[in-house]
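Pasting the structures in now, so scroll down.
Next come two complexes, and both contain chain A; in the first it sits with chain B, in the second with chain C.
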Partner chain A sequence: MGDLPAVIVSGIVSGSAYALLALGIVIIFRSTDTVNFAIGDIGTLAVFMTATMIAAGLPIWLGLIAAIVIAGLLGIITERTLIRPLGHSRNYVFIALVVTIGLGLLIHAGIFVGWGTRPQAFPVLIEGTVKMFGIALTWNKILAAGIAAVAMIAIAWFFKKTPFGIAMRATADDPVAARMVGIDSGRVAAIAWFLGCGIAAIASFFLAADTSLNPNLTLSPLFRAFAGVFLGGLTSMAGAVIGGFTIGVLDNVAGRYISASYRDTMVFAIIVLVLFIRPAGVLGAGRKERV
Partner chain B sequence: MSPANMRRLAIIIAGIALAIVVGPYRMVGDYVQFIVAALSFYFIAVLSVNMLAGLCGIWSLGHTAYMAIGAYTAANLTKMGVPVEVIVLASISLSFVVGYILGLSAGRFSVLYFGLLTMALALAGTEIIGHWTAVTGGDDGMKVGKAITLFWPQPIETKNAAMICVILATLAYLVGEAVTNSQLGRRWLAVKGQRIASMSIGLKPHVENATAFGMSAAIASLAGIGMAFSMAYIDPVAFSLDSGVTLIVGTVVGGIGSTLGAVVGSAFITAVPELARDAQAIANFVYGGAMIAVLLFLGEGIVPAIRHRIRHWKGRDKVNTNVPRQAVDAEAMTKLVSELMPPARHTLSLNAVSVQFSGLKALDDVTFDIAPGTAVGLIGPNGAGKTSLLNVLSGFYKPLASTTVKLGDADILALPPSGRAALGMGRTFQHAELFPELTIRQMLLTVAALGRPLRRANQIALNEPEAVAERIIGGLGLAPYADYMPSELPFGVQKVADIGRVLAIGASVVSMDEPFSGLDEHERSELRAILRGMRSAGVSILIIDHAVQEVLSLADKVVVLDFGKMLATGEPDSIRRNPEVMKAYFGSSHHVEPSPEISTKEPANG
Partner chain C sequence: MQMFAHTRRKLIVGAMAACGALTLGSFPSMAQQSPGVTDKEIKIGAWIPLTGPIAVVGVPQKAGFEAYINMINDRGGVSGRKINWIVEDNAYNPQRTATAARKLVTRDEVLAIVHANGTAQSLAAFPYLLEESKVPFFFAYAGLKDWWYPARPDLYGLFVNLENQARLLGRWAAKEGAKNVMVVHSALMQFEVVAKEVIPGVKSVSQSNNVELYAAKFDTQDYGPIAIDIAKKKPDALIFILAQPDIVRLSKELAQQSFKVPSYTYAPTVANSFIELGGPAVQGLRSMSLTVPPETDNPAVKEYKDALAKYFPNEKPDYISLFGFANAKVFVEGLRRVKGPLTRESLKAGIESLAPYDSGILAPVSFARDKHLGMTATQRVQISGNRWVAVGTPVDGDKDW
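Up next is the complex of A and B:
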């Protein structure tokens, strides 16, 4: 077990992508009660678009910003055109989920049509590797983890300190009361979708830089992000982040010491175990039923 | 022959005819055989997902796991020369057990969490299939032998396996229709629509969910068997999350909770990839686009939307609320109640009932008895703890350990809500809480069927669910509303129907949460007659209401709560004059004079 620190560090590094995606899922869920299944695909599409721009000469740093903005705008469009028209029917929560699954299929198909089926090379932000606890980590990964941390702190600041962030939290807690005191629920939804999809784009960007750019870029990370959301609870932003990192570490530890070929199964087992002990997640609010 | 049986017969004949056409006599070409086979096994799979979503509100993205159980059972058992019939039995049993266990947990989570959990199951399932080479052949897949059946001399060729698929699909269709139109399906709809109210009529939601999930899983495994025999080769791709999503597409597009919808949905998911053979991306475009379009514009899927239009077009959309009302006949009400509800035999005794919500004591040491056949009124200002007390009685709140509640010798608190219903405890709800997807008649039928053992134990002559439901519909004047969904009915009618529900269960100890609120004068006098009828039939009643006059004039004993504590208890007259009650409840110590129209109590046993 001598390599345990190394396994944990690389777990944290890969966990930062899961944590970002999980945070995006929770921000969107809290504001519009929608589990956005297409969040990874929106991020991936934005990165495909920026890859084309980077190939045409856009500096890579601007590319990252462009990806965030594009994904955020795609998020706003999605909310306006697909989610808001659903209204609030009885099965709303699941219907909205299914709509985003449909959107995911569309985006997926769109990427195939636009960029073909082959994975594409994607530029790396910084070349080189560094040795840490006896393993080699690429600077790219470390930078990714760093930017993820910055993004998370920025999000936390936004929700804690800015008036609009506080208004958004109020809306998540009690939408009706928030509307009564004059908070514009449409703007809250738009900003939440922008933020959620924007940070998903950060995750997609670094996943692409880490391997290569392909349409299934976020499939497996999204599954782990959901596992993280389960752990932390769908309503807790801090929980989602902690959950994402935890899954990253557990996934790596289990993959190293138990079996490398049953990683999804073990992530699944962890989710099931946690949910049986705490159905609303470790930090999530309990479900209340009124009689 | 009844229309339902005619339908069944027609389906069986059509199924057999199609099976012969695509069977070994080579009446059609290979391609048609293949398409019919695919349609059949997709139909089975979509039906299993559709049934679960429609009847239980449980969405599964992981049903491909059960298809895999069917397919790999078929592949492995044919190698040993086991006939199809045995394979079918083996895989439905196995899938039922696995599904039942998973389904038990469904009630613990919200629809959303459970949906995501089944998604995780699909991913884990694919991984297990990919690595468990001994049983599944791993990522390379495995060959499936020819099907051997007890009814055919030679093994069935792969292309002729379309016959097996059609027969399995016919079976699945019959099972699906039977479940949807039976007591079982109605019970699931009750649990889906009103979990709490369903427990109060004796249902155990987790067991109902588990049974439904188990049955649905068993049906899905049939799809896997059909798939295995008609493809001759199976690999993990067929059971991936993508396929699970495809089944959801089929369910949503065809229409949730409709067997015919499953036919349309499976036709859609079979046809699209066939028509877009050379461009997989186009199939995904169509899937995604259709899914979004249906949900945005049709809401409920193709078949229910068409049905809705037809119904609208026939002009049978709105309930006629302008029904002339019959005068309330107190004697008839008494007769109705005594025909359906057995007299209470035991005293319900509440001892030191205390409930604490973190810091707040909602109920503090509340103690009183309800003697058999008496009516106890519970009054108190808002926040006094009245509804909390009712929720302790029905089993939805857990009181502190010092509390005891007994019906005769039976310790009520040790029982789950469903167990309390079995002892004859019933309740009504402040907001009626009818089952949103059952008509009034269907609800009464369902509840009457659940009330059978109770009525039998109490030797009540009227016991057939149909007869009980008819009696209640007639007796409560619900006939014009009986075939409508609760949401289509005025609130007062819903509350009367809620009382019909306790009549149908055959309860002998009834708690009522604000029965008078929201009723018009006619409905109030109807309710008074019902309550008097219950008393003279010997039913014990606990009534909570803000209509203090009504409570004071009906109850034998009144308990006054204030801030969770018992303020006073006694006969209505003494409560009326109790200055402390006046102060807490009305803010002054004026006497509450009974209003003239309801002050005259009916003579006992009236």
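Up next is the complex of A and C:
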């Protein structure tokens, strides 16, 4: 167990992608009651589009910004064309869930048609590694972890301190009352989808740089991100981010000390145990307070 | 009135039956002579992963095979019959493969399955395909030892079985001086069976050598903790029995930890795209190639490059598509050697008459009544710069070398 600090650091760094995706999921859920299963595919599509631009000469850092903007706009289009028309029927949450699953499959198929199924090499934003607790970590992963932490703080500040963030919270709490005082709930939803999908694009961008760009880029990370969301609490943005990082750490510890082939089993066994004790998640509210 | 209607219906049915008989009689090409065979067409099928993590192999494999078939069809086909190769995407999933096999046999009524992909996936289709339907299965991009010894009546292969490749890798590592060899394999049956065959290869050089098997989840995304663990254990050599994307991810993590020992893997990895994805992390990796390099200057490889450029201009020449092309070439040669009507039995006899046959791409191919694995030799290769280069001469997986 001598290398435990190193394994934990490695887990935190690996968990940044899960944390970012989890944050995106919670922002959208808390604002529009939609569990967006297409969030990973929207992020992946944005990175594929960006890869084409980078290949044409766009600087990589501008590529990251382009990916965020493209994914954000795709999020707004999704909300406007597919989610908003569903209205707020009794089964809205389940219908929206199925719609986003279907959208994810469509985007996945679209990527196959547009870019093929073969993985592509994707450039890193920062080259090189740094030694921590005796192990080497890439700057790419460290930067992703840093951005996840900054994003969490920035989003928390946005919702607590800015007038628009407060308006979003008000809309989520009572849409009718918010409309009566002049808050545009449609605009609130659009911003939430932009932010959520944009954050997912950041995760996809760093995942692609870490391994390769392929249509299944976020398939496995999204699975872990949802685990992080439920572990931290579906209603808590801080909880989702901490949950994502925790999944990364648990996954690394299980892979290093228990079994490389049963690490998922170990991680999810722990999550089931936690949820058994606290069903709303570690930081989740027992009663639903959306924003 | 009712009796009249009944008589009229009988007349219509009779006329339709007569028309059908006349049509088939007048146009014999429309009549199926045996499953999948008409005067104008030979229908064959396959399942290949065109989506999912193994699409990186499936897509070029399909392109290579199809390029040869398209070329032959454009030249008039085989004995005037065009070949129609129907490919189902199995996404590397055994359940989908079993469904694909039923569809190809019952709905498409193919003559044979040719150049399908996946060991466990194809095994899932065996009970229906080989035992129930008796449909011949040629040249899978897969294979285990017990597929060939003893020979099964309807199963023929060109893919040097994976256990033999694993044994060769073990022997190669030990001959290069490794005493403690670690075999990292995916925790799935088809990978584990192959990984275990490294042990006799390593021990064939010295019984005192040690081999450790290390299982990792298939399609692991984060190899960080595994790389840390491997670096702590300090093996002399690493042998990867993993899918291509897993090897890339693990190699990058090992390189990140500055852990570098001689590394080996088997034939499915030998592709130029692997070098592009792995970059500096996979430099020096050793493997087994089933074909001559795509850079070889001979008429067979030139024909391959021309056909690939014509039919699949987006596919770069590569080992996997070259292997697909060669498999199609051997299959078509077997078709040409069929004597009399083309049936499943005569096709098997045509393939068995290839003894030996030199495709110019594979090692000499040789089948017989009781020898259904037509090729046992592989070429050792190693990544150097941006390509795979040959190491020594071809070695036979059935023998020590």
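Definition applied: the second predicted complex is superposed on the first by the 286 of 291 C-alpha atoms of A that agree within 3 Å, B and C clash if a C-alpha of one lies under 4 Å from a C-alpha of the other, contacts with A are read in each partner's own complex, and residues count from 1 in each chain.
One rule holds for everything that comes next: a residue touches a chain if its C-beta (ideal position, glycine included) is under 8 Å from a C-beta of that chain, and two chains touch if they have at least 3 such contacts.
Only a predicted model underlies this, so the values are computations on that prediction, with no experimental measurement involved.
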First, second, both or neither for A:Pro221, with chain B first and chain C second: second
Which of chain B and chain C A:Trp193 touches, first, second, both or neither: neither
First, second, both or neither for A:Asp264, with chain B first and chain C second: both
Which of chain B and chain C A:Ser212 touches, first, second, both or neither: second
Partner chain in contact with A:Trp115 - chain B first, chain C second, else both or neither: neither
First, second, both or neither for A:Phe48, with chain B first and chain C second: neither
Partner chain in contact with A:Asp251 - chain B first, chain C second, else both or neither: second
Chain B versus chain C as contact partner of A:Val98, first or second or both or neither: first
First (chain B), second (chain C), both or neither touched by A:Phe159: neither
Chain B/chain C common contact set on chain A: 112, 261-264
Residues of chain A touching chain C in the complex: 3, 6-7, 10-11, 13-14, 112, 116-121, 129, 135-138, 211-212, 214-216, 220-221, 248, 251-253, 255-256, 259-264
Chain A-touching residues of chain B, taken from the complex the two chains share: 57, 59, 105, 108-113, 115-117, 119-121, 123-124, 126-128, 130-131, 195-196, 245, 248-249, 252, 280-285, 287-292, 295-296, 299, 387, 390-391, 394, 396, 429, 436
Chain A-touching residues of chain C, taken from the complex the two chains share: 50-53, 55-56, 58-60, 187, 214-217, 219-222, 224-226, 228-229, 232, 245, 248-249, 252, 256-258, 273, 276-277, 279, 314
Contact footprint of chain B on chain A as seen in their complex: 35, 82, 85-86, 89-91, 93-95, 97-99, 101-110, 112-113, 223, 226-227, 230, 234, 261-265, 267-269, 271-272, 275-276, 279, 287, 289, 291
